Amino acid sequence: MRIRLNKILRKGKAMYLAYDQGLEHGPESDFNDKNVDPNYIIDIAKKGKYTGVVFQKGIAEKYRQEIKKSKVPLIVKLNGKTNLFKGEPISRQLCTVKEAVKLGADAVGYTIYIGSDYEDEMLQEFSKIDREAGKAGLPTVVWIYPRGKSVKGKNKKELMAYAARTGLEIGADIIKIRYEGGIADLKWAVKSAGKTKVVVAGGVKKDEMELLKQVKEIVQAGCIGLAIGRNVWQHKNPLEITKKIKRIVWK
Amino acid sequence: MRIRLNKILRKGKAMYLAYDQGLEHGPESDFNDKNVDPNYIIDIAKKGKYTGVVFQKGIAEKYRQEIKKSKVPLIVKLNGKTNLFKGEPISRQLCTVKEAVKLGADAVGYTIYIGSDYEDEMLQEFSKIDREAGKAGLPTVVWIYPRGKSVKGKNKKELMAYAARTGLEIGADIIKIRYEGGIADLKWAVKSAGKTKVVVAGGVKKDEMELLKQVKEIVQAGCIGLAIGRNVWQHKNPLEITKKIKRIVWK
Amino acid sequence: MRIRLNKILRKGKAMYLAYDQGLEHGPESDFNDKNVDPNYIIDIAKKGKYTGVVFQKGIAEKYRQEIKKSKVPLIVKLNGKTNLFKGEPISRQLCTVKEAVKLGADAVGYTIYIGSDYEDEMLQEFSKIDREAGKAGLPTVVWIYPRGKSVKGKNKKELMAYAARTGLEIGADIIKIRYEGGIADLKWAVKSAGKTKVVVAGGVKKDEMELLKQVKEIVQAGCIGLAIGRNVWQHKNPLEITKKIKRIVWK
Amino acid sequence: MRIRLNKILRKGKAMYLAYDQGLEHGPESDFNDKNVDPNYIIDIAKKGKYTGVVFQKGIAEKYRQEIKKSKVPLIVKLNGKTNLFKGEPISRQLCTVKEAVKLGADAVGYTIYIGSDYEDEMLQEFSKIDREAGKAGLPTVVWIYPRGKSVKGKNKKELMAYAARTGLEIGADIIKIRYEGGIADLKWAVKSAGKTKVVVAGGVKKDEMELLKQVKEIVQAGCIGLAIGRNVWQHKNPLEITKKIKRIVWK
Amino acid sequence: MRIRLNKILRKGKAMYLAYDQGLEHGPESDFNDKNVDPNYIIDIAKKGKYTGVVFQKGIAEKYRQEIKKSKVPLIVKLNGKTNLFKGEPISRQLCTVKEAVKLGADAVGYTIYIGSDYEDEMLQEFSKIDREAGKAGLPTVVWIYPRGKSVKGKNKKELMAYAARTGLEIGADIIKIRYEGGIADLKWAVKSAGKTKVVVAGGVKKDEMELLKQVKEIVQAGCIGLAIGRNVWQHKNPLEITKKIKRIVWK
């Protein structure tokens, strides 16, 4: 079936509101009394006209009506883990493509930690998801992060390009990578990704000036946009910062 | 299928009689000549009008007639382990959702040790159970306990909120957590759980005054109730303590 | 389907002739020129009117005609291992319930080493067997032995009760445990097993007086009988000792 | 289905030409310019009227016409490994029973290293093969070798009997063991194997006198014959040595 | 189904353009601004009339139209890994035979690291692929490389022959090995491979004279050709070097 990529793009650009931090980092590290509530996020996504909002299955299920009403495209993250376990990173599939479809997903997300002792298992698990998503016409958005003891001390810029390339080779439609190094490095990563589209992760909350400068570079490097979370929903005025970012992404 | 959550709630509140200690702790540590007998527990659950009684498959099977006659809603615990093995905690599925349905279950239970080396396997196994339970319309009650060498020395209040949030993210209908810290910490945990309901584990037998004080805090924090075992069936008068707790839970 | 437990009981009592030592211990340690031959065992089982004889699939297959002719109920042991591997004990399923049915089995046996690093895998594998046996109406007889480095130095009497309780919790119809401690300890184990019936393992060959004293205690403790091997087929007169034991078991 | 054992026996005796050394040992250690060619082996098997020739799936496939034309019964070895990996021995299934049937197999072979850390996995994998082979009416020929760090320093004669007994207990039709100790030890092993038939492995190339002496003992001990490889196809005149051995095996 | 080997041969000879380095080595180590683009490779393969071009599923998918138009036979590599993980090599299946067929593959590729701690898993995974490819009539091209701590310090010429033989034993149609030692060693490897055809890996970029000398030896040793990547697409004039190599391969 033809992949319906346009559902999560607008004029070929993308801006996703990421909200899987509750599982990945825990409420203590990232949330406050407002943003701990998924409805707060759905509201930002709706008013900010994001091209997608990223939830784990549990939230997609329990807040299904609210998500539906918001009309924001839904990206269901299919794997996840807490940050408690201190060994080599492994994040397993917790939601099937079929379940995601039932939950109204427009795309599915998956994280792969390349370099981890469990890289092979995540690559293989993703390959099954990609197969099923392809049959359902759903795009795959893949978080690719070099991680684990094998990558300690390696050149982060090279790893960024390697992550991007891995996305192309394994068949991801969109990959989400961390921005490392300068704009030339990111350009090389985008080039390495070939026809696979690239979005950059927002990462930890940063100074607004710095953030907006980064967004410009991201766009100049050829990325289609961002998958951003904390920099928006930890912001005192999420819609204001959203507007500023969008102005850059959509020129 | 619509989840029939009301079967294990009364006016939105819950009080479950937990009795999986035979497998989890062994008869020596928790049982006496009376409470070693499942019929003693069924009797308390019935007369105390509990909104659910928790059994492993074996007891649900062998005491099926007695449970049925008691009319207490049945929560079948789908995984379990002894406390003998000293390595990282792993508790695997020992009963299918289909078997639980045949045994007359109104809900299924599952334990996840987040932070364990095997967290990923339990999260994934639960995700399959959640899928099947959803199809059968059965609510999932998930025991979520931070455990294993990776969580040693971590802040217990933060872990409590993390456990609660994990329940929401993975799609649990009700989560059972241990009460750590004060009422403000528990409130934060309940908030982190969003639309997933929270019950608190009774834990080891404690002084009655202390227990009832805790129950009040649990209710004030926004939990729907308790899953209690030893504090009831190790009590010299289980129905008396039951009555006192119920008075607090149902105002 | 209703479990046909009566096929392997006589007036509610049981005496099984165990013969899985060829795989579990090797011919050198337990066999002589006579008892190395399965036909010798079938003959004792027949003439001694045992309520069951325990074989691995291979013997059940190759000596099928002889077993059938003997009319002794057949208990096929579904898992097994040699005693050569020195690591944590793990015994995997080598025969399916379906195969056992084809071989004419009246019950299926399975060993679980609680406390082993692989406890979880055996508990889970048994749970599948129990499910399938239940559908076929076959009783499950479960050898439950605390074993492995985690149980080193633990109180054996408590472990005996824990083993018995585990049998009840996981749905075994009959459990086979080792007799540790005194008659009061065994009574507690039997009580812990609830509606799951208990047989005691004969263990290594012992003095006849001691054996018969033990049999008396076993019966007094509430066990339904024994699963005995070496004390019978290593005996110079297996039928004579059989008769003496039976006199105690069936009053 | 009835096992067609006669296809790989002649008057109840057997002589198999083993040729899995290419995978198990590598060409360097065992082959020369002649015997590196599977056709050379097929030719010996044909002219020497062997009751079976043992190949891995790859050779059985690529030399199918030649094997068929030779009319030598085909035993397809279902598992295999190189000798490069230095850890605990594990040899996994590389060919299904169904594939073997398509390749025209008259029997299937499988190797189990008892005592290895992976003994449990090989025992279990064999149990599935045995099940499927049984349905297809194909005999199973099982190489059983005590191996791995757990068996270091153990009594080899006792291990030989243990290997033989294991074959009976797990349902092998024919087992192939190494000859250790004297004729009395081998007799005990054959007796331990009960109704399971025993063939002895030829092992490394040895002096002709010594080989023929061994063959005599093997026959006297009650084995049905040999599975021989290097002693034949490394011999300067394979058909001559074949003739000498056959004279002993078939009296 | 009959294996359609001729689709990836011309007059019995082969020259494959390998391009899985993006995943296996990363863009940093092997690519420049030109050859990072799959279209550059497709163009070389087309104009150079290669008998096959090797891609991972992702590239085969995203550049499907371009590949189709080029009419170069497509070999889809079914497994892969990054070079980041520093432990024992394991490369798992990321694309099914069915997917490869849909992508228009004329053959499927798979890498096996013999000697690795995971050799058994790759041998077994390949055996399933071989089965499915056989049903679809697709040839299997197997990269066989001795790798891992167990092969450290071993004789590379012997390992080359062992790799070749392994290919035959497991049923590969074509194997790709590294050229080690001299022409006599390669001849022995080709002989060890029997009816399985051998191509040699081009390896790291080398001096043109040296490369062409090697190609001559490869052909003289009886190989059917090469699977070459870096020596072509890192060359300043890929079509010129292609022409020179082809002249040798096709006499």
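Miscellaneous remarks
Every chain is named by a letter (A, B, C, D and E) in the order it is written, and numbering of its residues begins at 1.
Methods note: a residue touches a chain if its C-beta (ideal position, glycine included) is under 8 Å from a C-beta of that chain, and two chains touch if they have at least 3 such contacts.
Owing to the predicted nature of the structure, the values given are computational and were not obtained by experimental measurement.
Under the contact definition stated at the top, the chains bordering both chain C and chain E are D. Here the chain-to-chain distance from chain B to chain D, counted in touching steps, is 2. Per-chain Cα centroids separate chain A from chain D by 55 Å.
Remark: chain D and chain E have CA centroids separated by 34 Å (rounded to whole angstrom).
The set of chain B residues that touch two or more partner chains is empty.
For chain B in complex with chain A, the residues that touch the partner chain are 114-117, 119-121, 123-124, 126-127, 131, 146, 148-151, 154-155, 158-159, 161-162, 164-172, 188, 191-192, 194-196. Residues of chain C touching chain D in their complex: 20, 22-23, 26-28, 31, 33, 36-38, 56-59, 61-63, 80-82, 84-87, 90-96, 99.
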